[in-house]
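Across the two complexes that follow, chain A remains constant while its partner is chain B and subsequently chain C.
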Partner chain A sequence: MMEILVTGAIMGTFYAMLALGLSLIFGILKVVNFAHGEFFMIGAYTYAILTRTFGVTSFLAVLPAALMGIAAGLIVERLLMRPLYQRYMEWATLRDEYAVIVTFGLSLFLINLANQVFGPYQISGAGLVPLRERMQVGGVTLSTHRVLASILGASILLAAYLLIKYTYWGKAVQAVAQNRFGAAIAGIDSTRVSLIVFGISGGLAAVAGALLSPIFPAEPFAGAFPAVKSFVVVVLGGMGSLPGSIIGAYLLGILEQVGAVYVSYTYRDTFAFLVLILTLLLRPQGILGERVREV
Partner chain B sequence: MEYLLEAEHITAGYIEDVDVLQEVSVRVIQGSITGMIGLNGAGKSTFVKTVFGFLKPKKGRILLEKDDITGIEPHILIRKGLWYLPQESSLFPHLTIEDNLLIPTRVIGLSSYEIRDRLEHVYTRFPELKANRKRHAGDLSGGQQKILEFAKVLMVKPRLLFIDEPTVGISPKIAAEIYTMIQQFLGEGTSVFLIDHNLRKLVDLTDYVYVMSLGRIVAEGPSSQFQDSLKEQVQRWLGL
Partner chain C sequence: MRADWRVFNARDIGMVLRISFGAWRRQWLDLALTFGMLILAAILPLGIPSIYWQGVLTVTLVYALASTGWNILGGFTGQFSLAPATFLMLGMYTSALLVHYRGWPPVAGILATLPVTSVIGMVLGLLCLRLRGPYLALTTVAFSEITRNLIRFSYNFTRGDLGLSVPTLYGMEGNRLYYYYTIYLLNIAVILAVHLLMSSRVGLYLRSIRDDEVAAAGRGVNTVLWKTMAFTISSSICGLAGGYYVHFIGLASPEMGLLLQAGFIISMAVIGGMGTLGGPLAGAMLLYPLSEYVRRFGIQYMVIFSFLMILMIRFWKAGIYGTILNIMDRWVTSSGSAPALGSKYL
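Our next item is the complex of A and B:
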C-alpha cells in the first residue's frame, strides 16, 4: 500500500507540473493548449541531448531545459495567442475554434519538427544520479533518480504556486482569470499576465519532461501521453482551479498505481481515460469545480 | 470654463458595420457632476467603455485636459487619473477584500506610506470591510460588494470617475450611502460622470445632464433646467 502511495505521488508530481500550467492558461484565456505536451517534449530533448551528447552534469542541465520551455511558452504566446485577445471587446465574441486549431496545429508542427531534426529515435536523458541507484523511502525501495527528480519537481511546483498565490504578478494572474474586465480597470496589463502564464507553463512542463527523460526518453511523441493525462487531471480537478489541478494530479498518479498493481500493469495508461469518463459522468465540474475560475 | 474631459463626435460600435454611438459629444467640467440618462440599450455604457479604451472609436477623439487619450488602453488610463465603476462587477471574487483594495494602487505610483494611509482611512470608514478583509470579495453580499467597489475609489482618488448605474439591484439604504459618497468624492477633488436610471436623483445630484437616445445625444443642459416638469421633458426627448 505504501509503495502504491509513494510511487503514485511521484508520478503525481509530474502530472501536477503539467496540469498547473494547463490550468493557468485555461484560467486566463479560456483556451485548452493542445500543444502543452510539446513543451514537455522540448524539455526532454534539451535535457537528454545536453546530458547524453554534451555530457553536461545532470543537475545543471535542468536549467537550460527550463529556459527552453519558458522561451517556447513566450514565443507561442507572442505569435499565436495574442490575436485572441488583442482588442478587448472582441474577446466577448471570441471564436474558440481559433485556439483549438492554432494549438493543435502547433502541436503537430512541433512533433514533425522534432521528427525532422532528431529523427524518430529515442534519446534518454542521464539520471540525476546513476539510474541503478536505489534508496529506501518509508520502507519502500525506489530508484534514487525518481525520488530526487520528484523532490526537485515538487519544489519548483511549490515555488510557482506560491509565486501565483502571493506576489503582485501572481495576484494579477488570478485577477485576470477571475474578471478580465475588472483587471483592465484595475491597471493590470493582461498582455504581460498572459506572457507570464505561458512562461511559467512552458517552464514547468519542460522541467517535467527533462526529469522524466531518463525513464520516458525524448522522442517526437514524448509529450502526447503526458499531455493527455494532464487534460484528464484538469477536468478531474475542475477546469481552471489551481488547487484542484494539483489535487487531481496526485489523485490520478495514485489511482493509476492502484490500477497497475491490482488490475493490470499493461493497461495502466488507460485508467486515465476511465477516470476522465467517470468524472464527466459523475462530477463534470471536477473536484473543486464550483469555483471554476479560482486560480 | 475648464473642461476636464472632452469627447468629440465619437462614433463607435462593437462590430464592423453597426455604430452603436453616432457623433456623440460630451464634456465634463472640472469639479462637477455630469449626468447621462437614456433608455436601456441607448448606448450609455458603450459610451463609457469607449472613453475608457475598451472600444476604439471609428471617428472622433477624446481629450483629457487637452491630452489626447483616444484609444489608449484601459490599464494605462488609470495612471492618468481616470477610474470606472462599471455596471457589472469589477471585483475579483476569489481574492481577498484587501487584495481587491490594494491591486489598483500598484500602478498609480503611490508610496507604501500613502497606500497604508488610504487603507487605514477606508477601514475606518467601512469597519465591515476591515472585519472581513481576509475574506474573499465574492463572499460579501451584493450591497457590500458595491460598497467595496466604491471603497476602491478612495484608494485611487481619481481625477475623473465614471459611474455606470450604481444602484441597480441595491437596497435603498445602501443606495443612499452610495449617493452620499458620490457627493463626497466631489469634495475630495474627483469629478464625476454618472449614469443613473433614477431620474429625479440624477437631476438633483448633477450639474449638467446629457440625454442619449439610440446612440445620439438628443438633449443636454444644466440640471436646473430639468428640475421642473422633468417627466414630461424626458418623455418628449425619448419620444415616448
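Our next item is the complex of A and C:
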C-alpha cells in the first residue's frame, strides 16, 4: 500500500506540473490548451537530444529544456492566442470554437512535425543519476532518478506557485483571472500577463517532459497521454483553481496506481477518462472550483 | 418600457423579408454549387484509368461523408465534438463484427451501422447536454480514447491492433468503379438529406443553438432535444461512412479512431468551409488526394493540413468553399447588402 502511495505521488508531481500551467491558462483565457502536451514533448526532446547526442550533464540539460518550453509558450501566445482577448467583443460567439480548433490543430502540427523531423523513434534521455541506482524511501525501494526528479519537479512547482501567489506579476495574473476588465481599469497590462502565463506553463510542462524522458522516452506522441491526464486533473480539481489542480494531480496519480494494481493493468490509462466523465457529470465544478454562472 | 413598442413597422418587415430571402437564396446557391462539385466528382474517375487513384477517390468520398456528418454538429450546431473518427471506427466495427460473427451480408452490416451508431451518438449527446466549449471537446476526447482502448484491448473479440478482416462489398476482383459510385450515391443521398434538414425549421433551430444557445432556449427552441438530435444524426452519418469503408478496404482496425484521424476529418470541414453544405465535400476532395500525393515524398500530410487549418481559422474563417459561395452570393444580388443567416462564418 505504501508503495502505491509513493509511486502515485511521484507521478502526481508531474501531473501537477502540467496541470498548473493548464489551469493558469484556463484561468486567464477560459480556454483549454489542447497543445499542452506538445510543450511536454518539446522539453522531452530537448533534454533527450542534449544528454544523448551532445553528452551534456543531465542536471544542466534541464535548463535549456525549460527555456525551449518557455519560448514555445511565448510564441504560441503571440501568434495564436492574442485574438482571443484583443478585440474579444467581436468574438463573443466564436471564441470557444476558435480556441479548440487552433490548439487542437497546433497539437497535431507539432506532433507531426516531430514525426517528420526526428522520425517515429524513441529517444530516451539520460537519468539525473545512472538509471540503475535504487534507494529506500519509507521502506519502499525506488529508482533514485525518479525520487530526485520528483523532488526537483516539486521544488520548481512550489517556486512557480509562490511566484504566482506573492510577486507583483503573479498577483496581476490572479487579478486578470478574476476579472479581465477590472484588471485593465486598474492598469494591469493583460498582454504581458498572458505572456507570463504562457511562459510559465510552457516551462513547467517542458521541465516535466525533460525529467520524465528517461522513463517515458521522447517520441512524437510523448505528450499525448500526459496532456490528457492533466486535462482530467484540471477538471477534477476545478477549472482555474491552482490548489485544486495540485490536489487533483496527486489524487489522480494515486488513483491510477490503485486502479492499475487492484483492477486491471491493461486499462490503467482508461481510468483517467472515466474519472473525467464522472466528474463532469456529477460535479462539473470540480473539487475546489466555483460554479460558473453564465448569462 | 421601450419607447418603440410597435415591433412590426414597415422597415422591420422589409428587413426580415430580406434576411430570410438572403438565407433562402444562399441555401439554394449552396446546393447548386455542391451539385456542381458532385457532377465533377461523377466524371472524375472515368478520366482516371489508374486503379490506385480510383481507390483514392473512393476513400476521398468516404472522408467527405464523415466530414459532412461532423459538419452538422460542428459547423451548423456549434457543438465542437472531437469524436468523428471514433464514430467512423464504431461504424467499421459494427459492420465488421456482424459480418464476422453472425455471417450477415456486407450490405446488411452497412445498414446496421445506422441504428447502432445513432444510439451511441444519442447517448454521447445526452452525456454532453450540459457541457459546452472546452468541456464538450474534452468529454468527446475522453469518449474517443475510452472507445479506442476498449476495442484495442478486447482482443479476444475484436482482435485488437491486428484488425479484423472482412469480405469486401463487391468481392476482391470487383470493379473499382462500382465501389466509387456506391459511395458517390451515398454522398448524394446524405447531402440532399442535410439540405432538406437545414432548410427546414429544424435547420433554423440548430443554427440558433450555434449562434446563441441561451437566447434560442428563451425563444422556445427545445435545445435539449435538438442538440441530442444533432449528435444522433451526425454520428449516424459518420457511422455509415465507416460501415462502407470497412467493406471497401476489408479491414477494421482501431487505427481509424486516433485523434489524428479526427483532426483530418475536422480539417477538411474547416478548410472547405464550416457551416456550408458543400464545404466538407470540397475540403475532402482537395485534401485527401493531396495527402496521398505528398505521402510519396515522405512528408507527413498532417503537418501541412494542421498548419493550414490553423492559418484558415486564424485569418480566413469562411474557408475555400465558403469564400466562393460568398462571392457568388454577392454576384447574384445587385444590392449586395442583405445579410444571410449563415453569416457567422463570413
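Here, the second predicted complex is superposed on the first by the 283 of 295 C-alpha atoms of A that agree within 3 Å, B and C clash if a C-alpha of one lies under 4 Å from a C-alpha of the other, contacts with A are read in each partner's own complex, and residues count from 1 in each chain.
In this section, a contact is a pair of C-beta atoms (placed from the backbone, for glycine too) under 8 Å apart; a residue touches a chain by one contact, two chains touch by 3 or more.
All figures in this text were calculated on a predicted structure; none of them were measured in a lab.
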Taking the superposition as given, does A:Tyr121 touch the first partner, chain B, the second, chain C, both, or neither? neither
Looking only at contacts as defined up top, I'd like to know whether chain B or chain C touches more of chain A. C
Chain B versus chain C as contact partner of A:Leu108, first or second or both or neither: second
Could you say whether A:Phe59 touches chain B, chain C, both of them, or neither, answering first, second, both or neither? neither
Determine, under the contact definition given at the top, whether A:Asp269 touches first (chain B), second (chain C), both, or neither. second
Looking at A:Gly182, would you say it contacts chain B, chain C, both, or neither? Reply first, second, both or neither. first
Common interface positions of chain A, toward chain B and toward chain C: 93, 294-295
Which stretch or stretches of chain B touch chain A in the complex? 14-15, 49, 52, 54-56, 73-75, 78-79, 83-84, 86, 88-95, 99, 103-104, 106-108, 152
How about chain A: which of its residues touch chain B in the complex? 87-89, 92-93, 168, 171-172, 174-175, 178-179, 181-190, 291, 293-295
Touching chain A in the complex: which residues of chain C? 74, 78, 80, 82, 127, 130-135, 137-139, 141-143, 145-146, 149-150, 153, 210-212, 214, 259-260, 263, 266-267, 270, 299-300, 302-303, 306-307, 309-310, 313-314, 317, 344
For the complex, give me every residue of chain A touching chain C. 26, 30-32, 34, 80, 83, 93-94, 96-102, 104-106, 108-109, 111-113, 115-116, 224, 228, 231-232, 235, 266-267, 269-270, 273-274, 276-277, 280-281, 284, 294-295
